[in-house]
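Per-chain residue numbering starts at 1, and chain names A, B, C, D, E and F are given in the order in which the chains are listed.
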Amino acid sequence: MNLTTVKRTLLTIVTEAVVEPSLLRDLERWGVRGYTVADARGKGSRGARDAAWDETANIRIETICSRERAEQVLGQLQEHYYANYAMVAFLTEIEVLRPEKF
Amino acid sequence: MNLTTVKRTLLTIVTEAVVEPSLLRDLERWGVRGYTVADARGKGSRGARDAAWDETANIRIETICSRERAEQVLGQLQEHYYANYAMVAFLTEIEVLRPEKF
Amino acid sequence: MNLTTVKRTLLTIVTEAVVEPSLLRDLERWGVRGYTVADARGKGSRGARDAAWDETANIRIETICSRERAEQVLGQLQEHYYANYAMVAFLTEIEVLRPEKF
Amino acid sequence: MSFLDPVILFFLFGLVAGLLRSELKLPGALYDSLTVFLLLAIGLKGGQGLATQPLAPLIPQIAAVILLGVAQTLIAFGLLRGPGRFGRADAAATAAHYGSVSVATFAVATAWLAARNIEFEPQMAILLAIMEVPAILVGIALARGVSKDTDWGALGHEAFLGKGVTLLLGGMAIGWAAGPEGLVSVKGLFFDLFKGVLALFLLEMGLIVSRQVGALRRCGLFLIAFGLGMPLLSALLGLGTGLLLGFSVGGLTLLATLAASASYIAVPAAMRIAVPEANPAISLAGSLGVTFPFNILAGIPLYHWLATQLAGASS
Amino acid sequence: MSFLDPVILFFLFGLVAGLLRSELKLPGALYDSLTVFLLLAIGLKGGQGLATQPLAPLIPQIAAVILLGVAQTLIAFGLLRGPGRFGRADAAATAAHYGSVSVATFAVATAWLAARNIEFEPQMAILLAIMEVPAILVGIALARGVSKDTDWGALGHEAFLGKGVTLLLGGMAIGWAAGPEGLVSVKGLFFDLFKGVLALFLLEMGLIVSRQVGALRRCGLFLIAFGLGMPLLSALLGLGTGLLLGFSVGGLTLLATLAASASYIAVPAAMRIAVPEANPAISLAGSLGVTFPFNILAGIPLYHWLATQLAGASS
Amino acid sequence: MSFLDPVILFFLFGLVAGLLRSELKLPGALYDSLTVFLLLAIGLKGGQGLATQPLAPLIPQIAAVILLGVAQTLIAFGLLRGPGRFGRADAAATAAHYGSVSVATFAVATAWLAARNIEFEPQMAILLAIMEVPAILVGIALARGVSKDTDWGALGHEAFLGKGVTLLLGGMAIGWAAGPEGLVSVKGLFFDLFKGVLALFLLEMGLIVSRQVGALRRCGLFLIAFGLGMPLLSALLGLGTGLLLGFSVGGLTLLATLAASASYIAVPAAMRIAVPEANPAISLAGSLGVTFPFNILAGIPLYHWLATQLAGASS
């Protein structure tokens, strides 16, 4: 096979389930064109979030974008979310086909 | 400790929940030896898939394999699934112990 | 924006749901400061684990730490878990802000 | 008997809440559990009825409803390809939806009849299970042609051992084997709570239907016309078939409702795999966005009225 | 009527199991489903009562409970800012919790009254839905000031179309439209199982409350005092309001309970978005860790006793 | 009373659907919720019975069933190590399964007795909870030896505060404190729906059992023989213990059933942690694939027959 994969950046965010609607709205405002969300639980500096009920549930969001966009979004998260919300975000270098999609 | 990790490739696929059985069958036919599946929701070029009911739910599949196998499977996905299904797939370079397992 | 991301290592573990409490305790003993857990199903050398009931469910744990810590934990997993449990673990290089957190 | 059946009100509530973009969302596991409950309960009730009568007359009835399903699918395909100018795949997939049946519509119709103390033949549940299947196979044949190397074995397996058919037939077998007396011990769950569970289920259906509005707007007027006209046509076919089979007014109403109803669970899933190039949004916008609300709000009383007229005329 | 209502026992069981660190955990989807059930059932019951009486007297009552909610929020804010020395955001968010209401507390109170055959006004369910909202808006205004460019449209949408208010109002509309006769068919689910479902729900509440102990220890004595004193003050305000509105003893008890109760679902979610700098652990430790158990274990009988005294004196 | 109890039919339906590879799958949250319900309901029923009698006679009974559990585990270990040629870990883990008990089997037996109006001692539920535990500790001691630095504290915590034991004991405490009158308000949920919920649960059990067939084939004939013989032996031990304790025919039947039953929830989880080198597929193939179906299909009537004979002979 003769595949040409292209580099993109995957931004993964783990945060409180309660911010899902507003965070997804923000992501779209910041130029993200697609995302995937899954339910999660976890533990971090703000203590255990064991998903026993909605207030203590986490979500895990993934969005594939250009390196530039990913850094911009990460910067926005730091500015608007890091201080007040249980949140972790990180970047991973990945490869995709159909680069125009991301 | 004296660990020798070995490079492998992680193929991640996000797609419609309805294809789970047939896609997993295909993955095994294409030589994949193991995979992990989780439920997800998301949004992309085919619109929002919010998991309100089965028709609009996503799954997220991960499979660790050799770079070669990962590229082959990605090629097969492009050929057989990309056109007709809501699907995103990407490759990540990872490291494992027990290389013979993957 | 002027972001300085820092390299960290993401350790991902897929294993039997039944070990969740004891494995998380072990992770903390081994120095991990945070983790994220999600429910999963899958297939591997120990057969299909389809989450039809708790005995056959998987979990997927992610923890971000320094490369060194990640290798140490991976080594511990190999020593204490690989032989007896359905388990897969791998390392991914990632980038974060707030390096002091991980 | 006022028109404002709470079951219908729950549907309207879900629909309005969805259209107003309320944050209301039922847990996915609840929706799945309610579906399992309804399928089992319908099967149990049918099976318990069958326990008290001979099974032989079933055979011609089964044959008749298979033909009915095939005929509906072919007619729908013709309408969608011809006047509708649908592409082959979209026409075939949508036709399969309309040739098959909707369990939720059937459940509302049985509740409607029960509220009016109108009896119906117990085997309707088995006919419901049977009618899920033929349209799927015909739809695939229409999309692919029969010459192609379709894996009919796998398709048959999927059609007959899908969740819906399995639960209906399993429930019927249990009801038949246990009989009315045997079921007394599980009656408290499966029969006494039936209408409440149906109400909750329809609340979720209302939410789901409300999400079809966008797709419906994009699909255009023909789909709306088809979604209203096809059930009427199918209901007449169903009434004709029911008359030939000598059904009671209740049975006629149910068979008309079954024929008029369009699948939104089994068929979408099967078509997504077998005819992937068809756009699932189109078929669902029709069957869920137009035909389902039409049937439960206006269709069922209408089919019952027609059944009464026909039964009166033919007797 | 012994004190040991099973509903309370289920709560205590969950609390003890949680404190002993049992592995007991109910599936998240079950907890969500039970919430949906309780909200709908409360709404249906209220709506069916409204069906038999004129709606006009509702308007002054609605206005009165809005004022009651606003007053409670302002008083709580004053207490938390002044003697409590809370920061602005924490004080505003916590005040909003106490100015709003808790559906679980309301459900326990209705069950308590029902077990003693004490009647109450059917519109209490609508007042419950109304009282969820004003404290949220006041709390946000207290945290941000009203000059700032808050998106009140989005907030209003969220407050009125949140899950709780939607289900309560939807249930009431259905109950009102169907009336007592129409609801007979869904009674088996929504009314006959109400107390059992409430018991199961309170088991989970006990588990959740048990997790507040750590936060409570960190938050200090003032929060505990506030969590006990504020409901007493609010209950008196509620009783006063109820007397002005001419409520029965049952209605007085419920309005006092509503006023005394503190939100732990709608308000935390809204505050988390609108006042993110407030620490959610503080408000929840108060409303869930102190006020909720106090109300269901000791508050409700106390408010009922006060209501009896006041009703006797005023008549 | 025909043999075709719907509860058994639901199990067979699940089994057949699973063997035919139907796509039928119940949501995981539903299965968990049904388990919670059954454990609580069994506990409540037992507790309400205890409320009307002195508790002192319980102490020798508790001691007796602990010994019974220990004896069964040791015998099973001997059989598996000796004739079975199992490795130490596998033998110990499997023995622990058989020395412990199965709640689902107990539930089917109580339903079987209830359908025949056979009374039994209310404390059977407490004995059920007690009997879950000793086999776990013995199994671990057999696998590791007692000299090793096992964390018995953590193990005890896990054994006694696991979900099953917590819910059984919590339910009993509630039932005991509320008494039969107090439970009237939650009866509609926990008692009237018991058999329907058990039926649904057994449908899922059938599906789970059907997945054991592959493992069973790999494990060979000895495991099948053990899975049939061990419950018979245990039932006799249980009958003997019951006679010594002076139980009624119903109590004898239940104690025999408890002894004959093998755990498939609490023990597998505990063994997976404490004896990880044991292959869980072996123990589950035996307890779920052979012993569970044997007990509910043939064992319970047999143990009841034996109990009748023994009770007749001894009186």
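In the analysis below, a residue touches a chain if its C-beta (ideal position, glycine included) is under 8 Å from a C-beta of that chain, and two chains touch if they have at least 3 such contacts.
Note that the structure is a prediction, hence the values are computed from the model and not measured.
J.: Would you mind naming the chains that touch chain B and likewise touch chain C?
T.: Chains that touch both chain B and chain C, as defined above, are A.
J.: Which chains make contact with chain D and with chain E at once?
T.: F
J.: Compute the distance, rounded to whole Å, between the mean C-alpha positions of chain B and chain D.
T.: The answer is 35 Å.
J.: State, to the nearest whole Å, the distance from the C-alpha centre of chain C to the C-alpha centre of chain D.
T.: Averaging C-alpha atoms per chain gives centres 46 Å apart.
J.: Using mean C-alpha positions as chain centres, tell me how far chain A is from chain C in Å, no decimals.
T.: Taking the average C-alpha coordinate of chain A and of chain C, the gap between them is 19 Å.
J.: Which residues belonging to chain F are in contact with no fewer than two other chains?
T.: Expected reply: 23, 25, 27-29, 32, 193.
J.: Quick check on chain C: which residues sit in contact with 2+ other chains?
T.: 38-39, 92-93
J.: By the document's touch rule, what are all the touching chain pairs in this structure?
T.: By the stated definition, chains touch in these pairs: A-B, A-C, A-E, B-C, B-D, C-F, D-E, D-F, E-F.
J.: Which of the residues in chain D end up touching chain E in this complex?
T.: 2, 4-7, 9-10, 13, 16-17, 20-30, 111, 115, 192-193, 195-197, 199-200
J.: Of all residues in chain D, which touch chain B in the complex?
T.: 25, 28, 31-32, 204, 207-208, 211, 264-265, 268-269, 272-273, 276-277, 280-281, 284
J.: List the residues on chain B that touch chain C in their complex, please.
T.: Residues 1, 3, 5, 8, 10, 24, 33-39, 62, 64, 92-98, 101.
J.: Over in the complex, which chain B residues touch chain A? Could you list them?
T.: So the residues of chain B in touch with chain A come to 12, 14, 38-45, 58, 60, 71-72, 74-75, 78, 82, 88-93.
J.: Going by the contact rule set out above, which residues of chain C touch chain F in the complex?
T.: 16, 18-19, 22, 47, 51-57, 83-85
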